[in-house]
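Next come two complexes built around chain A: one with chain B, the other with chain C.
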Partner chain A sequence: MSGLPATPASSVPVLALGDVLLVTLQGELHDATAEQLQDHISHRIAHHPVPVGGVVIDISGVEIVDSFLGRILAEIAANARLLATRTVVAGMRPAVAITLVELGLTLPGLVTALDVDRALSLLGRGPGSAAPAHPEGDA
Partner chain B sequence: MHAPPAPTARLPIASDADLAWVRQQVRQAAAGLGFGLVQQTKLVTAASELARNTLVHGGGGHVEMTTLEEGAARGLRLSFVDNGPGIRDVDLAMTDGYTTGGGLGMGLSGAKRLVQEFTLDSRPGEGTTVTVTDWAAGLPSPRTGAP
Partner chain C sequence: MQVAEHDTADGVAKELGGFLERRREQIAQRWADAPLFRTVFTVSRDEAVEACKAVVDALADVARSGRLEDVQAPGFAAVRDQLGRMAASRTQAGFSSSQIAGEVAGLREPTLTLLRAEFEDSSSEHLEACLLALTVLMGTLRLVVMETSVSAGEELIARQQLQLLEVATPVIKLWEGIVAVPLIGTLDSARSQVVMESLLEAIVDQRARYAILDITGVPTVDSLVAQHLMKTVAAARLMGAECIVSGIRPAIAQTIVHLGIDLGTIITRAGLADALAYALTEQGIVVSQGPAQGGSPR
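And now, the complex of A and B:
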């Protein structure tokens, strides 16, 4: 699994990890950047040399998720699903999860994992990928 | 002797870069007052929702940040002010999922749930002010190195 260079098209790095796209969100994200990222990921899925096996969005470096970013994450997952690709949001901080529930945003369409490794196994990739622990993966 | 509470800070809300700046400043103030991590996260999230409303629905404005001290209690008050179109039906605007465009309609109602005190004052044609206040839980933690 070799990482290709980060794509400069948005200020958020999108790395190809094998056939999985790994998106790492960090710190303060401007609204326009988040919207660009959404377009960028759809574009990457549609034009990837090999079929994309999944998208992992690592938000362990994100201090808050408000309804704007929550909607962007949900829309990224929905777009990817229409392009036959699964998305896993990884590493949400406990304080962020508590806040999202109280805000009223439970984001039912989002598949989550505690960290990137577990997200990769959910997608049937990575070292510990014996069996996807999520019913969505059954075939 | 205690230093007097920090003076009120006034931050403009005119772009999405300003939203990021407001979040950072609120986080810093809340941390400085000894708010716990979850409370900080809730307050910053509420501030992000309200600042975005000021920008998107109110056409821009500012937030006034005031540190409060009542006896041993320490708090932070944030007033989001705009001179935009105002809100005609406040009860409707406060309903989960209600939006006049674009958003998820969770900002106002959600922000209210995330803070301890919430007031909304709006006049159609004149503007909107939303004020939220949070108090640090328990007694202020002992300050190391205080005289």
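And now, the complex of A and C:
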């Protein structure tokens, strides 16, 4: 295999912050785009120059999460786990959470956080906590 | 030739409307003495007469439109508010709805007397038809009064239900990043929905990491209530907060086990204090007894 295999193009940007990949979803996400994103994230994790310490998916801009997107999120997390990376879904809106629960999608395998800040500190990479060993709580 | 016109129901209704209009003053004077109007308009008799006139006008209007049995007839719309007020004041005075209906029916008698006098010289069949039409009209009036009083009661109940929902589900901030909902009373679908919504809002507002659901005040937990609890816990978890259910009394614990409900994925604690202690410990906050106070001043 050559050095850089062609990664599937995705309309959703995946930002690399150090060893954390940050994905921000905005508005409505089409099913095809979501599937592309899933592929794209797996490739990015596999071919990142340094081992990826975590993936943060910010869905605070998403107003509707249907069963498909819910499944995609769970699959992204499962993929990442197989590639030895943790995934945190951040910023879910209350209305979205209620809808998912009513749909029976409690997404048990998914790690969640209130916002990106919390997600990063959950991964031990918060702005204040340079050392991943002590996440917080020295106050 | 006139008989032909009289015989149609519409013609009779129109004639009745005309009669009500002509005798407006007399009818109003008689009605004003009836207990229904007298007790509502206590300030002055003129006011009661005015109110009676408004009702007579409405009846005449309905009669002219020929919709004697129609509760929704536009003529009633003008007096609906007034009738509702009257019915409400009678209810406050401790009258049952059937008693109020009886009082409304009492308004028929003086009108009938006047009607008889008015049509004394026309044929008995015609008089009969007019009396029947008036009776039907008064029956409709009674229905309208009942309807307004019932709908006023329903509005009150709906408003109180809403208030009860709001009052019964406060979300309390116990500590930085810890919120609690003390649940009191039976947990049905509507309430658990409100609890879930307000809890999730509070999690966002307070940036809470831990949410405590205290069910000390919930009398019974059946499979439905347990399902509501699990939904709330799952929703809070999706928001990135951890949920703790506290205040499970021994009897409730037994019920849950008997029903075979699996709360295995939910963190439970005996009391609110235990739940708070758990949340504090998880956040690395240590609460310790301070140096002795007051006992030995230095």
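By our rule, the second predicted complex is superposed on the first by the 119 of 139 C-alpha atoms of A that agree within 3 Å, B and C clash if a C-alpha of one lies under 4 Å from a C-alpha of the other, contacts with A are read in each partner's own complex, and residues count from 1 in each chain.
Note that in this section a contact is a pair of C-beta atoms (placed from the backbone, for glycine too) under 8 Å apart; a residue touches a chain by one contact, two chains touch by 3 or more.
Every value quoted in this text rests on a predicted model; they were computed, and no experiment measured them.
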- Task: Check chain A with both chain B and chain C modelled on it and let me know: fit or clash.
- Result: fit
- Message: Looking at A:Ile64 after the superposition, I want to know if it touches chain B, chain C, both of them or none. Which is it: first, second, both, neither?
- Response: first
- Item | Which superposed partner A:Pro108 touches (first chain B, second chain C, both, neither) | second
- In the overlay, answer first, second, both or neither for which of chain B and chain C A:Glu28 touches. first
- Report for A:Arg118: first if it touches chain B alone, second if chain C alone, otherwise both or neither. second
- Note on the structure: In degrees, rounded to a multiple of 10, the angle chain B-chain A-chain C between CA centres equals 40
- Report for A:Ala90: first if it touches chain B alone, second if chain C alone, otherwise both or neither. second
- Message: To be precise, I mean the smallest distance between any C-alpha of chain B and any C-alpha of chain C in the superposed model; what is it in Å?
- Response: 8
- Message: So chain A touches chain B in one structure and chain C in the other; where do those two contact lists coincide?
- Response: 94, 96, 98, 102
- The answer for chain B against chain A in the complex is residues 16-17, 19-20, 23-24, 27, 37-38, 40-42, 44-45, 48-49, 52, 96, 103-104, 106-107, 109-111, 113-114
- In their complex, what parts of chain A are in touch with chain C? 89-90, 92, 94, 96-98, 100-102, 106-108, 110, 112-115, 118-119, 136-138
- Given the complex, residues on chain C that touch chain A span 193, 196-197, 200-201, 203-204, 207-209, 231, 234-241, 265, 283-285
- Note on the structure: Per the touch rule above, chain A residues touching chain B in the complex are 28-32, 63-68, 70-71, 93-96, 98-99, 102-105
